[in-house]
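Shared between the two complexes below is chain A, which pairs with chain B and chain C, respectively.
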Partner chain A sequence: MNAVKRFLNNGDINRFRFWFQVAAFGLLIYGGFLAVDLGNSLPAFSCVFAESRAGACYLYPLQHQVNMPWAQFLGGRGVGFAVGLATFILFFILFNKAWCGYACPLGTVQDWVSKVRTALGIRFSLYSERTFRRLKGIKYLLLALLVLLPLGISNSLVGAPKLPHDLATAYCMICPGRTVLPIFTGDISQLAIDFSSKTMTVLTGLGMAITGIFFAGSFVKRRFFCLFCPMSALQYAFSKAGLLRLTKIGAKCTRCGNCSRVCDVGIREIADDVTSKNIVQDDCMMCFKCVAACPEEKCLTASFLGIPVYEATVEGFANRARRRNVHG
Partner chain B sequence: MDKERLERLRKTTGVHLAMEAKETLRQMEEDFPVHPAAMQYFYEQFRIAYGSGGANEDGRKRVGTLCVQVPEELVRAAGAVPVRLCSGAHAFDQVGAEFLPAKSCSLMKATLGMLSLRSTAFSGTLDLVVNPTTCDQKKKAGELLEEFGYRVYNLEMPASRDSEEAREYWHRSVKNFGAALERTTGVRITKQRLADAIRATGLARAAYRRLHGLQQSRQALIRGTDAMLVTNAYFFDDLDRWTGAVNALADELEDRQDRSVFVAGKHAARILFTGSPPVFPNLKLPLLIEQAGGVIVADEVCSSSRLLYDLAAYDEQALYDMVPAVADRALKPCTCPVFSSSQDRIRRLLDLAQTFSADGVVYQTIAGCMPYDQEQRTVGRALAAANIPLLLVETDYGPDDHGQLSTRVEAFIESLRGKARKRA
Partner chain C sequence: MTEGRAKGGGMRSEEDPMGLRGKQMDSLLMLFAVMLTFGMFPFSAAAGRPTTGDMLVLSETPPAGHGAAHGGNDGRRREQGHAEHRATAERTWYLNLHDLHDDAEAAIMRPDGSRAAGALSHGRDGWSFAVDTKPLDGSRDGVFNLYVIDRSVGGGVLTVRAAKAYMINHSCGWGHKYKFDEERIRPKHDRSIPLEIVAPDLWDRNFHSKTMSGDVLSVRVLRNGAPAPGATVSFTTGSGWTKTIEADENGKAAVQLIGDYYPEKWSLFDARKRGTVLVTARLETPEQGVYRGSAYSGTRLVATLPWRYIPQRRDYTSYLYGLGIGVFFFTAAAAGIYTHRERRKKPCPEVTFDERG
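== the complex of A and B ==
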């Protein structure tokens, strides 16, 4: 048991994650070819517009399911909504936010773009603390719109007239997942502006612009899009129930900042917060790079069902440092 | 100073220094007979450095540093060798007393005293002296050093390390320092060179961590004074050779652990040492503690753990990520009392006391050191709240207070006896 633990703690999480992401990308984007179907409540951008996907991102059905009159929430369609949400929550709490760091195809694409950048020797940019705090609220706004717009199609919200049907999956229309992920299946038809109506023109036009920003942004900034992701906001509501956890023992922390510096999303609390035990923030994608960068014995721990699976250890840190020049 | 007088001063100081060093080494070697064999390497290093004289010279440029906050990785990446200049010699203390204010601390007087003599036998040839703007006394030392004829680089440091502004300022400061190093050595700091330097210093620090971890042993495997000598040797020793020697020491201690060979009894009071740094040959207080029957199991001083404990990690192997990494390593975890907050130091002390099962804390303030003196209050309160006995000692490099100190230290160790017995 101790030998297994030591092996894991000495491991290089980055290499493991790279290959895990490749496998997860393959499964979620091409799994359909093998008739894999994981349902349509996945807590990751396994986009419905990619035909060969192995399961669908929950945000698409969510928008459809809330698009009904208030009264129906208590009827059969309401049950459908509840089942969808429950399935999503069950999927989510299994791996918590590691869905973002290990499985989300759109996240993986961003990591690949970063790999291109590092290969070219171009530096990443970072947000100042103030900008970061300002921007991180956007994902909650997007999540609110994502639910309110479809609701407003079937209902009159606060006395306003009902919204046009073209807003049914408004978020999907602006999501870079819809435009980017089908490309990997050879389908570039989403890279277009739909002029069928004014609403669609605006939405798909916005979608094209956001696609451009997505590539440019993730080229200069690690995990650029994740800071704005409404899925991340939705997930965070259930994060405390997650079976996979990231915890910190504040007394062991020297606040050296290694964890925060290697963090792709740029979370500062991971280094500065020395009181919280559960250290998962809304932007955290549970990649556990922080654990690998922490040189304090058991200060940071990733655990599944209370069993430590990856812990910060002095030995592990030293081993990774020793191997560093070999792997670059 | 006229030439003749300088020559005379160099000579007499050299004699005093050699006597001092010899006496400290004698006490260390003779008073505690069961040393690990691997300690011989370190005794020898000090015998050479303080006896026959002559710092290690190998043709590489030498960069003197005055505080732990200088990122040594950059110095090494620029092809130079860092040499920590802080001195613990009473002989130099007396030289410095001639031109520094009476209230200066012994460490300042000794360090500047040594440098004022400009003798290569003491500090070697220095191509650059880096002076981080830490405490007021060090800050003002820069101008004096220039007066002595050194090339000085004042490494500007923020007064606090919690805010983002402080960190940004420090990162800029360190970046400029890198450029200054390149100008001094004529070697460009490339990403490969810096990666190698981070790796080599990281391995040295990992070796120190092994030693540090072994000090947690319920019964002491190594004397605290020996451990301090090991870290003190890092001031001037060759990096890879030092790492090898520390690993050899750790191997031997692990072997001794298996064979249950200890250097102190089960009931020996375990001491956590903090405060102003005990720098060789001034190991007066640590030696008194261990002569009184205590054993120093951990320390929180800038000549030992604070110098070597922290490890840098970076994400992308490129200068834009590695330079901030070494800058953060030098600043963010540093518990030096010159920073505005003492909270991290308190947290560190409480954690060390717990993980090393310390029975008590000895807090050394070298007379004249304002920051440590002032932090006694907050630190003392926190330790009292955690029920950890504390001995506050104000001393200097002189031998005058030896008798008085030994009485106090003995009484303190004696008072811990009950606690130590209960723990064992």
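== the complex of A and C ==
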């Protein structure tokens, strides 16, 4: 058992993650060709607009399911909404926010874009702490709109007139997942502007504008879009119930900052917070690069059902540093 | 162009936009004249819905002159007509004619292949029957086949009118567990139906109807489950366009649906505008027999299948604008990032001094 633990702790999580992401991308985007159907409540951007997907991102059915009059929330359709949400929560708590770091196809695309930048020898960008704090609130705003707009189609919110039906999946219309992921299946139809109504023209135009910014941003900023992702905000509501956890023993932390520096999202609390045990932040994607970069014995630990599966160790840190020095 | 399409005449060209040529055009004109003479023209272009004629047609809205005109709640019914993805516990289907005979029968084939009889009743909205669509056990998630068969003997001819409709009964809220169930997705037919139109490609794996103007609408005409070569198949849209062709040796016929939605102003364009198309198959055979005590020396069969379509997506989308906006924002963002980085470059703080000084 100790040998297995030692093997895991000495492992190269980045290489493992790269191949896991490739496999997850293949499954979620092309799994439909193999008749794989994981349902409609996945906590990752397995976009419904990619025809050959193996399962659908929960944000699309969520918008559909909340688009109903208040009274129906207590009826059969309310049950459908509750079942969808419960399924999402069950999927999510299984792997917590590692869905983002290991399975999300849009996150994987961003990582691939970052690899191109690295190969070209261009340095990455970081937000200042002040900018980071300002920007991270956007995902909560998007999540609120994602629920309120469909609600406002079937209901009059605070006396306002009902909203046009074209806002039914407004978030999907502006999500880069809709425009980018179907391309991998040979479908470029989502790159067009839909002129069928003013609402659709604006939404699809905004979608293409965000797609352009997505590629430029992802090129210089690692996991550029994740800071604005409403799925990340929704996930965080249930993160504390996750079976997969990332914990920190603050007493062992020397605040060297390694963990924060390798963080793709740029979370500073992972280094600065020496009091919290559960160190998962709303922007965390549980890639565990921080664990791999930590030189302190058992300071950071990834555990599943309380069983450590990947721990920071002095030996593991030294091995990884040696491999990096040898292989560059 | 495939042989089947060439035979069906379904493809159009600029010179011959409806795909009609020579003798075929002449015969169609004659057919039009005959149909108009005998009041058989199935659709009224002005009204955009079937006129009575002699064909039985199933619809989820009451026939013209009923329902709303009689103070009924047509709004609700119209809503119900769009209810594929807003499942209700029961859906009612209406016939366009009042002249059903005593032994007319309605039949229901559920998505799982199980069958039930429909209870026809006559009320202020004419003949109708209700279909139980409660999603109790999954047997009702998918596409129902609905039939009404009416037989009568007159002038020594047995006339069989077979109205059919596909009813999609699905809510995405139920999930898509039949997505890869070929048997569930495949359109079914009933061998007991004297003449039936089967359309193989009207919905996707999630039970979303997918027909668009410009699509090739292909059907197969079956006589008690076997192909009916030589059947006369007409495709008539709600806007009045019609095309009649003969089913090939496999009972197949296909036509390309025309684009027939051109609102006066671009701002009035409705991407969900539902066009209607009525497929009619006619077959006359020299079969002889006795039906309910009346002898006949020939059989005339008429089958109908209504469907709908929406405008083609390319009618209202633009890749040029989409890619233009994408490239513009990519370039602007990249330029902004580059400029920002250049501005933040600080001069090297080395100290220079003159060694000779």
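As a convention for this text, the second predicted complex is superposed on the first by the 325 of 328 C-alpha atoms of A that agree within 3 Å, B and C clash if a C-alpha of one lies under 4 Å from a C-alpha of the other, contacts with A are read in each partner's own complex, and residues count from 1 in each chain.
Here is the rule we use: a contact is a pair of C-beta atoms (placed from the backbone, for glycine too) under 8 Å apart; a residue touches a chain by one contact, two chains touch by 3 or more.
The structure displayed is predicted, hence computed values, not measured ones.
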Looking at the overlay on chain A, is there a clash between chain B and chain C, or do the two fit?
fit
Taking CA centres, what is the chain B/chain A/chain C angle in steps of 10 degrees?
170
Taking the superposition on A as described, I'd like to know which of chain B and chain C A:Leu145 touches: first, second, both or neither.
neither
Once the structures are superposed on A, label A:Gly80 by its partner contacts, choosing first (chain B), second (chain C), both or neither.
second
So in the superposed three-chain picture, is A:Thr204 touching just chain B, just chain C, both, or none of them (first/second/both/neither)?
second
Determine, under the contact definition given at the top, whether A:Ala251 touches first (chain B), second (chain C), both, or neither.
first
State whether A:Ile93 touches chain B only (first), chain C only (second), both chains, or neither.
neither
On the A-aligned overlay, A:Pro295 touches which partner chain: chain B = first, chain C = second, or both, or neither?
first
Report for A:Val274: first if it touches chain B alone, second if chain C alone, otherwise both or neither.
first
Counting only touches as set out at the top, which of chain B and chain C does A:Ala168 meet: first, second, both, neither?
neither
Quick check: superposed on A, how many Å separate the nearest Cα atoms of chain B and chain C?
6
Chain A positions touched by chain B in one structure and by chain C in the second:
none
Where on chain B does chain A make contact in their complex?
162, 164, 195-196, 198-199, 202-203, 206, 209, 213, 309-318, 320-321, 324-325, 328-329, 332-333, 344, 347-348, 350-351, 354
Where on chain A does chain C make contact in their complex?
35, 37, 39-40, 61, 64-65, 77, 80-81, 83-84, 125, 179, 188-189, 191-198, 200, 204-205, 208-213, 215-217, 219-220
Tell me, which parts of chain A touch chain B in their complex?
118, 121, 123-124, 128-129, 250-258, 261-262, 271-272, 274, 289, 292-295, 314, 317-318, 321-322, 324-325, 328
In their complex, what parts of chain C are in touch with chain A?
171-177, 179-180, 266-267, 269-271, 313, 316-319, 321-323, 325-334, 337, 341
